[in-house]
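One chain, chain A, appears in both complexes that follow, with chain B as partner in the first and chain C in the second.
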Partner chain A sequence: MNLTRRNFFRLAGAAGAAAAIKEKPAYAWQSKAPPDPYGCLVDLTRCIGCRKCEAACNRVNLLPPPDVSFDDQRVLDEKRRPDERTYTVINRYYSGKTDDRDQLIPTFVKVQCMHCQDPACVSACIVGALSKKENGAVHYDVSKCIGCRYCMVACPFEIPAYDYHNPLTPEVRKCTFCYERISEQGGRPGCAAICPVEAITFGKRSTLLQLAKDRIKKNPAVYTDRIYGEKEAGGTSWLYISAVPFEKTGFIPVPSEPLPKRSESIQHSLFSYLWSPIALYGILGGIMWTSGKKGAGEKQAPGGEK
Partner chain B sequence: MKRKVGLLLLFLSAVSTGFLPAYNGQGAGNAFAAGAEEKGDAIALTETEWKAPDQMAAQIRAAEEVPFVGKVKEECLCVRQQRLRDKGLSTKDITHRYFLLDSPLIRKEEDQYGPVRFMHSKHAAVLKDCALCHHYRPVDPEAPETTRCSACHQESFQEEYPERIGLKAAYHLQCTKCHKDMQEGPVGCTGCHKKNVPDHEKLVQLPEKPEPTQVTEECLRCHQKAGEDMLSSAHWLWKGHSPYTMERRKEVLHGKGTTVINNF
Partner chain C sequence: MTEHSPCPVQAKFWTPGVVLLAFLTGCGAVAAAARFIGGIGYVSHLSTARPWGLWIGVDVASGVALAAGGFSTAALAHIFGRHQYEPVVRPALLTAMLGYTFVVLGLLVDIGRSWAIWKPVFNWNLNSVLFEVAMCVMIYLHVLYIEFIPIVAEQFKGKVRIPGPLSALNPLIEKLLTVADAVLDKIMWIFIIAGVVLSCMHQSSLGSLMLIAPTKLHPLWYTPILPLLFLTSAFAVGYPMVVFETTVITSSLTLDSEMEILTPLTRITIFLLGLYMLLKIGDMLYRGSYVYLLDGNAQSNSFLAEMIFGVILPWCFLLSEKIRKSRRGLFITCAMIVGGVVLNRINVFLVGYRPPLTQTAYFPSIGEILVTVGLISCLMLVYRAAVTYLPILNASRKEVQV
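== the complex of A and B ==
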């Protein structure tokens, strides 16, 4: 018994040491973000909540007609999320700020896929149906998708939606960043092109970041000093600047580290050189060996008494 | 006197029991027919719609392509205002009193609204400050002090000038901001634009002499939501929110919707 116990601890110690050696693995996580992607800068101080972007999105993506007309402003009374029939929605928030006539000032927030630089959905997709393109779009390939919906679980912004009402050919659906349109020369996303006040500015992400910083610097009294999407989830192609803090307008707090960094680091370091299965089976084998020895002894003992 | 009251009571009871056909289907049908005639007149009127005498010229001006001004002189608003004042620019220097904001750039993405008819002189006379709209000037010293909006603001999202917004956004932001700040002038879409409603002459499908219910059904064929909204409104229920009264509630104790039966 004493010996068995000692053996067990020895084996466990060896496994622990092996794990400790592997603490700094050969695998170091590297971002796969495209170097010069496109992006969109949404200036919430400009948005007037006209829902033209929703209408344009519906039109250019050939989505089914909405239940309520895009001209109807009453849908803003409740908070909505994008779903399989709507890739983008506008929500209205009241932060408590009032104008000089004591009227609450609304802030309109456009919600759609943020097109992360290192998307968690792409990392989670086990068949490569989702991919981050050079132009910045997180692209979905329906021919590869097996419908596992891991992307929906992985997305920190709760964006991908599933075609639950379509039993035969369901798809994961989300904003496409108008991939085909922006791939063409001079192409722009449907929502950005139609915005009557250019609350959405389309361009290279680096240019937009500079633009956002300039706007904040020129109007420090107007904007809060933060660009949502600059660092969130390791940076996103869609960026937001606002007059009211992002916490008050339904923006989800997201860690600034790229989300796949942690999960992929854990996974890749666990499986590099197959050390973890080898260690696991080593421990199991050790337990079997010692307990087998013990069992043989016990068997012999009653046999001896007989 | 007594007889008069008696007659009135008789009249009221006749209406409530439906003896008098004042508001039955036939009556409404006639009313509709009359409405259709009026509509015909209205069409005749639109054909001879009043047009500004310089409408054609404005239309031609709107379609003109203006050479793009890339760089503008960086100066603060106060300095510019003072400079324009010193130059003695006034409403007399205005070359065009009226503009039709109808550049092809604006109609590129959608054509849901008609062009804005901008009264240049009126705005200038009211504001007495050119710099509020003409906020920058080209760097070229030879160029005139004020230029057209479409000289600087043309296509949106230009890579060389990321902060330069497109013409449509420039109009919208400039106009609505000022209208809001001054609490003067329209800020909604249809305050400035005429909405391009599709021609209902072709959309409406009705027989020669339609029944009133047929007309309602035909409207509801497309405007289903409007019908549902009507059913939940005070026009149908005879009670509901009253946004213009104190505390947004108007208490109704008697009458339609409360104590009277059969009043719809």
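== the complex of A and C ==
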């Protein structure tokens, strides 16, 4: 390309002017959330901790057999997290509430990927291996993944796990929202389909929000007036309602602003159309030219000299 | 304009120090081999809660920061026309070139699918800060290699003598070197400016990486101006790093100390480090994060250490002309600044990173430490070999003919 110094400055000048004009309407971040996604409503007042959802998840996702059988309730004595072989776990909490016979009432909490509306992992992923699908699933495409694990850094719920013991072809592992199953007519995620007490309701997120509000309204004495996932991280496809305050059952506070908003806003206002690098290139080129002329009166910039 | 004549160092190569470096490199190679046989989990303490550890905090983030001497000296000598600083441009360029090469080697160990490292070139996610960092690092690495070609050409042009069966290639390589040297002489300015622009882009974006994790990074470090702080600290550490390594290499090879260049060079650092210090303290006051200063936990102590010993004290030292003119004083001051920036990167990526759910502490495993130490040793070894065979370092002053 014949990029002479004069042309180059013209280009840089034009870019600078364009950048100056652009400055007025500052970059406005827009949510990329799908308009009408599916979701799941988990009603913690219904869950009996039977772990059938864990077993179903293991089966439909063809995961390796567990160390301890899914019928063994003793695993509930410890708090567990999903890992590379387990996409969902049930944890048991005692909030201090007791029944008529002074027995502590347990609350069981299902943990899996929340399938955020504007997922931090999707924004972070260097190659776009993670994507938010129209049906609500945060989908992982291993064929693009390089294993940088930035998604794991970004996720506020600490969900994605990694095949740390696979030397060459490790994968990021997390709940898939049974993407293939829910893509079919009438399909439901494995866990929601098996739940014997209908603690997990699968449906459109908007419908589920309404359902959750109705349940809280009908039974204000039972439920705490909050839907976890309605606002967290800008909204998640998975929603929870509970009788016990969420802080007491392992739910962490997450900002209601979508996590990608800040980093994407800064990144795009700095680098959209590469205006700042081009402007900087122009300025530095100008300085180099001036200092070169001052230095030796030479035509060529002093770059190549010895 | 000061003339200078870099030339290959005439010194014994296999000194005890070099042997030690070779040994440590070997240890690192063993640990790296274990990682590729047993997986990342076999040699490291990385987990779901702690996906990034020593390799990202030190090999990558600190490595990139300390390679800032390359672009900052090139900008000074070639863009701002301060040719008196030419003697430190080549060593700084070599450091940057090797630094970035080893950043990539470190990444190859750290990422799960090392063989897929090329995939970002074809799968763009323009929303990803890491994508921008990766593209800049990739292009900048090539720019650095291009900037290095004239040094190789200067040494081998007209005397390419590859022995053995490959000797048939000698005329071809000769021709390539001559052509490349002639062409680059005309267009090198393009790459020099590009190098500075690319550096500004990814040095700042390395700070933006953590902006997506507000609930994980401790408020002492989490600020929307993290990219600006990373950029200004890279500016600030560039020249002190040059002083640090120049002093180390000139004393170990008993060359001229170059103090007459280093002393004025660090005068610029008073301004650059001062700017970083003001931003850092101003940000802390503005956000009110000083309330965490006296918590007495790892985070607050590490932040205090970073600020006091890495920024404020060395800045005060730099104000004294006596210290700037003393070789030992300047070396200690610059070592503190370098240490401060490394500690800052470690703080942002390791100490200050506190996943809210899993509060188990992270400390790097022996395997992680061996890989990191091995990479740094190997870098120093290659540096030592490069200055032995290529015209990088200035000959002792007495031999320079002005």
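Operating definition for what follows: the second predicted complex is superposed on the first by the 245 of 306 C-alpha atoms of A that agree within 3 Å, B and C clash if a C-alpha of one lies under 4 Å from a C-alpha of the other, contacts with A are read in each partner's own complex, and residues count from 1 in each chain.
The rule we apply is simple: contacts are C-beta pairs under 8 Å (C-beta built on N, C-alpha and C of every residue); 3 or more make two chains touch, one makes a residue touch a chain.
Here the structure is a predicted model, which is why all the values come from computation and not from measurement.
K.L.:
Quick one: is A:Lys248 in contact with chain B, with chain C, with both, or with neither? Answer first, second, both or neither.
P.N.:
neither
K.L.:
Contact-wise, after the overlay, does A:Ala56 reach chain B, chain C, both or neither (first, second, both, neither)?
P.N.:
first
K.L.:
Applying the document's definition of touch, where does A:Val197 land relative to chain B and chain C: first, second, both, or neither?
P.N.:
first
K.L.:
So, does A:Arg226 touch the first partner chain B, the second partner chain C, both, or neither?
P.N.:
neither
K.L.:
Per the contact definition in the header, classify A:Glu264: touching chain B only (first), chain C only (second), both, or neither.
P.N.:
Second partner only.
K.L.:
Counting residues of chain A in contact, which comes out ahead: chain B or chain C?
P.N.:
Looking at chain A, the partner in contact with more of its residues is C.
K.L.:
Regarding the shared-chain residue A:His139, is it in contact with chain B (first), chain C (second), both, or neither?
P.N.:
After superposing on A, A:His139 lies clear of both chain B and chain C.
K.L.:
Looking at A:Cys148 after the superposition, I want to know if it touches chain B, chain C, both of them or none. Which is it: first, second, both, neither?
P.N.:
Touch partner of A:Cys148: chain C, not chain B.
K.L.:
Please work out whether A:Thr207 is in contact with chain B alone, chain C alone, both, or neither, and reply first, second, both or neither.
P.N.:
A:Thr207 sits against chain B, while chain C stays out of touch.
K.L.:
In the overlay, answer first, second, both or neither for which of chain B and chain C A:Leu168 touches.
P.N.:
second
K.L.:
Where on chain A do the contacts with chain B and the contacts with chain C coincide?
P.N.:
In the superposed arrangement, which is not itself an observed complex, chain A uses no residue for both chain B and chain C.
K.L.:
Contact residues on chain B for chain A in the complex?
P.N.:
For this pair, the touching residues of chain B are 109-110, 156-157, 159, 162-163, 165-166, 168-169, 172-173, 176, 183, 189, 225.
K.L.:
Sort out for me which residues of chain A touch chain B in the complex.
P.N.:
Within the complex, chain A contacts chain B at residues 46, 48, 50, 52, 56, 68-69, 72, 101, 188, 192-198, 201-204, 207-208, 210-211, 214-215.
K.L.:
Show which residues of chain C lie in contact with chain A when the two form their complex.
P.N.:
Contact set of chain C toward chain A: 1, 35-42, 44, 46-49, 51-52, 75, 78-81, 83, 110-117, 119-120, 123-125, 127-132, 134, 150, 154, 184-194, 196-198, 200-201, 204-205, 208-216, 224, 227, 355-358.
K.L.:
Considering only the defined contacts, which chain A positions touch chain C in the complex?
P.N.:
Touch residues, chain A against chain C: 3, 81, 83, 120, 122-129, 144-150, 152-154, 156-158, 160-171, 250, 252-255, 259-260, 262-264, 266-268, 270-271, 276-277, 280-281, 284-285, 287-288, 291-292, 294-296, 300-304, 306.
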